[in-house]
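Two complexes, one shared chain (chain A), two partners (chain B, chain C).
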Partner chain A sequence: MANSTTTADPAPPGNLRWQKNRLAIAPWLFVAPALIFFSIYVIIPIFQSIALSFYEWNGLYDGEGQSTAKWVGLDNYRKLLFDDERFYISLKNNVIWLVLYMLAVPLGLAIALFLNQTVTGIRFYKSMFFFPFVISQVVVGLIYGWFYNPDYGVVGSLWKWAFCEETINIMGNVTTKCSTKPPDILGDEDWATYGIIFAGLWPQVAYCMILYLTGLNNVSPEQIEAGRLDGAKGWKMLRHIILPQLAPATFLAIVVTVIGALRSFDMIAIMTRGGPFGSSNVLAYYMYETAISEYGDRYGYGSAIATVLFLIMLVYISYFLWRMYRDEKDNS
Partner chain B sequence: MFPTPIEKTSGGLRLAYKLALPIALFLWLLPLLAIFMTSIRPAVDINSGNMFGWPSAFNLVENYVAVFTQSEALTYFWNSVKVTIPTVIISVSLACLAGYGLAIYNFKFALPLFFLFIAGNFVPFQILMVPVRDLSVKTGLYDTVTGLVLFHSAFQTGFCTLFMRNFIRALPYELIESARIEGVKEWRIFWHLVLPLVRPAVAALSVLIFTFIWNDFFWATVLTQGEASKPITAGIRALNGQFVSQWHLVSAASLMAAIPPVLMFFAMQKHFIAGLTLGATKG
Partner chain C sequence: MIKTALKTTVAMVATGLLSSAVLAGDLVINFDDPNPAPKEAFETAVEAFKAANPDINVTVNINDREAHKTAIRNFLSADAPDITSWYPGNRMAPFVEAGLFEDVSDVWDDNGFHDALAAIKPTMTIDDKQWGVPYTYYQWGVYYRKDIFDKLELAEPTNWEEFNAVAEKLKEAGVTPITIGTKFLWTAAGVFDYLNLRTNGYEVHNDLTAGKIKYTDDRIKKVFETWKEMVDADYFVENHATMSWQDAIAPFANGDAAMYVMGNFSVDGYLNAGLTEDQIDFFQFPEITPGLPRAEEAPADAFFIPSGAKNKEDARKFLAFIAQPDVQTEWNNTIIQLPINKNAEVGDNKFLKEGFETLSTASGLAQFYDRDAPAQMAKAGMEGFQEFMLDTSKMDAILERLDGVQEEVYK
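Presenting the complex of A and B:
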């Protein structure tokens, strides 16, 4: 690095110790406000939740302001792992989310390649394709909830158009006859999760697309030229010359997609509330449902679910931190 | 450039590409267009099943006004503003300070502290839910706008610090070094030298945090209950219950909730994308 070539310190020696002390205290003064705030609301609660997962508690306090929590040891985990079908349904759905959500990465790359041109108006197209990411997931959930609606939605309308016949009798009453009933995607135990994931992919693909567009912008033109001279074209060019240079974008796309998949909550809350019969539940929503929805105030049991989800996420967090640590060491 | 620029290809392909663009965009935004069309239909269309055809009348103004007059939407909207703006200011300010502290000084804890902020930023919300809610209840901040602001500010500080620290780290270190040699105090270096240089990062973070917080649904549900403090995302869900099968009103309300972040995105597009894609170009 360039800064290793600084000249000898011209400050007088008496000043040096003071300067050293000042340099030792200063970083703490700068970091302290953020650190204290972050600890109160993020770091400490993580440990409190883990501790709480060994208790049974309904969130109440007795007359003296003491918590009414009761120590139950590993009981919550025992119930969770050996006696809770809903937990396994949620876990299975989390896996489905993780796998299918990954489609956002190649789909985002495909759209980015499609849009990486310089024709007039392309900037407009790029921002419009990115549009779904800016909208709240609540709104996306509502849009698709209506989209899938068998009576009022787009799916229902298309179905009527394709499979139904309208007849008007002598009295002028309209009757509709359909050869098959329109599918109620979100009301079907087998399809609800896939319906929600499909909706979730919409903004996620947009996110991955923008990551790849930025990556493509920075692909070295010399290497592409060199590749062309070597006769690389199309798929070969993409695989051997472009993709390696897009590795940082791919890494980031995978990280945000994994986190997005494990955090999926909003759309489930809006579209199905985990139903029908818990079939579209995921750990994030199941935890919420257990702890503070109308189904009960099982704070301890909810915390146990949260701890499991946290441990799953911790695998990814550790990997991400390890990569950052490696890069830091390379840079210094 | 990859793929091959379309200008260099045959005329037929060029034409096909230019035709494909609007068609692809139409299909991509079809759900959004469909809900927009619904939001300007009169109720009679919804009841008669005319969801896809031409609206029998254009009720753009009526429907959107109805959302505001028949519900608490205006309160929700204002609550979102009151939550979002202070959160952006607090979290970005704290992150400027912390990012500077972690980027400029090579003290032993610089890297561990930095990693603490990153790790905290990625945890699932559920692991924080019960203690944060309990803390808010105990301090009287449950179901208040202040309670939401404090939590969001603290949580977003993690992401902002990650961003700021890397941004400041990339600044030329000699600048700070030479200021120190001249005897400029640390605080003044931060204020007069570094802060003006991180303006692009402040802009990028501000639009990002604005969008994240405006769109937050989870904490809005966990930390609020009544109408007085509910932000628009949680409010929309309440409206959805209130306007059962009045899809024209539900869609109008949903689109309205999406407007501020969309405006923000189009106004500050460059900064927004710069913020999101930080790290997409270098390892």
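Presenting the complex of A and C:
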């Protein structure tokens, strides 16, 4: 109510109004750049893409600059939800990604516990374990693409060692004959998704590990000491003394892992391009394929996929925001 | 509002790429192949054009082929060049329908192209008008290891019976008959197209890609049954789903596979893999239905004038220029492909000679499954072909699914 009393003040109004409202305006000024860019690149496109999902559009403007989009109402959604096998394959793969990617959290914890000791050269081992997170997802995808290759990859070579013998072919070149066919993991509709997830786990485990390592630094030695005096050790120590103190790290690890699972796009694009025949698609890649890729150009339908993906993620984002809000309220 | 926002971004990007201030007498050309030979051929032709038209100031933008496919959708409406390279058939259809390409029938009329470029005229035509001028094409067929064939005393098969006999002989000798890499899907479409062209002919190919015939039609089923026999008899290499077409050259070069259904651009790949020209040869895909007129695949590349071009007059001059016999002769000698102008000379290369022989005597020229069929159909179709090659027992389910897509695409 300080404002209402100062309005009666006879001092020069322009300067004073600034003085009065400085506290209210200043934060907005600082947030403004972020807000503007966030609106242009995130908020407005969300609504544009929802709007586009009611049209059928090949992405072209005619000679006069008029969009060639045609209003189809909810037709895209009808096709998507009731008539599109590919959509459900992608959705199922999204769920598989989310569930299996969660393995990164316990695995990261295990490696962190293992590495959390003072031995000569431990920093070196830590950085080696952290290494996969530093290299780009694209490179990880390429490496695993070769790893799985049934002809010359690690999988193929091991298989050849176990089940194949070398012979000389008709042209006098060395070739191999196998008693059973080597597994073509990325070329098999049942295995491709698992193959990519396994590759994706490599950097993700490293990420979770580093989060836990930082968390472990902050574990209070007094509490461990106290626990030890009370006779806790091994599993009990971990379960009741260490883990509760690592709760913030666990929360963060789960959040980044969920995000990582939803960002599976790069790995899929590099390793299988959603194939064979769409069986390793996830919604994000399916949307890309439908709207933007070479045989796509169905922007309306792609937007409908994007909208559905957005709604699914909204559930998760809302939970995350609610949780942050609650934590902040508890702390204050 | 979406449109304006989008257009501004598009315009901003496009102005960065292209010179936007175009005066009269300026000619901006967007070309889409930065590889050494195509680039050199294009630049040589541009130099010749400049020499012949000293008053025209030509600006050239050469983009990566894949990037061009995305960029063209923006620059055609935002900041159009005067000429752009693109593909005929169904690939040009969306742009023609949106009114983004200029009708260039007059260039065809004035220069006698209806006769000189007759081979590719049908695919350059929509609504009885021609929308661009083609400058090159190449043949498809079966490339094979001549040394393996010689060693096993096999002759080039001309009909399906002979082809099967050759394949069996190869298998007995421990050689997989055909190599293929279907990771990028389109290679399987090449096999399908040829089986269809040889089983049912050119009309059925066109009717199928135009959506007039169902995939569950008996004629198409027959194609798949032949294909099924091939897959079930292990005619194709294993693990093809993880191989690109380049990867699939490895077993071919090693002598583990003897034939490859491919386009002429692949010859370079065989030579790079260490094979010599004497070790490889070409034969036309063998006859399946006796007496059926022989049609071939011959994808062409072409130049178009965007309807938003600023200097359409000089652009027409350029289109007329690049279809001249001497220009096409030199251009295609450089990129080792076939000129379309029937008065041009074919390069001195055994594959080009066989290709010319193959195409000039063909009863019809198809572009390719993914250029003749609309994009959405092509994508679904090619995924279906790959799935089929991995598990032939799914044939009926795949064909029914393709019928569903077809219904949706051509409604």
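As a working rule, the second predicted complex is superposed on the first by the 302 of 332 C-alpha atoms of A that agree within 3 Å, B and C clash if a C-alpha of one lies under 4 Å from a C-alpha of the other, contacts with A are read in each partner's own complex, and residues count from 1 in each chain.
By our rule, contacts are C-beta pairs under 8 Å (C-beta built on N, C-alpha and C of every residue); 3 or more make two chains touch, one makes a residue touch a chain.
Quick caveat, the model's predicted, so the values are computed rather than measured.
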Partner chain(s) touched by A:22 [first = chain B, second = chain C, both, neither]: first
Contacts of A:298 with chain B and chain C, given as first, second, both or neither: second
Dominant contact partner of chain A by residue count, chain C or chain B: B
First (chain B), second (chain C), both or neither touched by A:320: first
First (chain B), second (chain C), both or neither touched by A:138: first
Touched partner set for A:52, first chain B, second chain C, both or neither: both
First (chain B), second (chain C), both or neither touched by A:229: neither
Touched partner set for A:187, first chain B, second chain C, both or neither: second
Touched partner set for A:170, first chain B, second chain C, both or neither: second
Which superposed partner A:202 touches (first chain B, second chain C, both, neither): first
Doubly contacted residues of chain A, that is, touched by chain B and again by chain C: 44, 48, 52, 59, 151, 292
Chain B to chain A touching residues, read off their complex: 1-3, 5-7, 17-18, 21, 24-25, 28-32, 34-35, 38, 46, 49, 51-52, 94-95, 97-98, 100-102, 104-105, 107, 110-111, 113, 115-120, 122-135, 150-151, 153-155, 157-158, 161, 172-174, 177, 180-181, 183, 186, 190, 211, 214-215, 217-218, 221-222, 233, 236-237, 240, 245, 247, 250-251, 254-255, 257-258, 261-262, 264-266, 269, 273, 276-277, 279-283
Chain C partner contacts - residues on chain A that touch it in the complex: 44, 48, 51-52, 58-65, 67-68, 79, 83, 85, 148-151, 167, 169-173, 175, 177, 181-182, 184, 186-189, 273, 275-278, 289, 292, 294-298
Contact set on chain A toward chain B in their complex: 1-3, 6, 9-11, 19, 22-24, 26-31, 33-35, 37-38, 40-46, 48-50, 52, 59, 113-114, 116-119, 121-122, 125, 127-132, 134-139, 142-144, 146-147, 151-154, 156-158, 160-161, 202, 207, 210-212, 214-219, 221, 224, 237-238, 241-242, 247-249, 251-252, 259, 262-263, 265-266, 269-270, 283-284, 287-288, 291-292, 299, 302-303, 305-307, 309-310, 313, 316-317, 320-321, 324-325, 327-328
Complex contact set, residues of chain C against chain A: 1-3, 5, 7, 66, 69-70, 73, 76-77, 94-95, 98-100, 145, 147-148, 151-152, 173-175, 182-185, 238-242, 250, 254-256, 307-308, 370, 375-376, 378-379, 383-384, 386-387, 390, 401, 404, 408
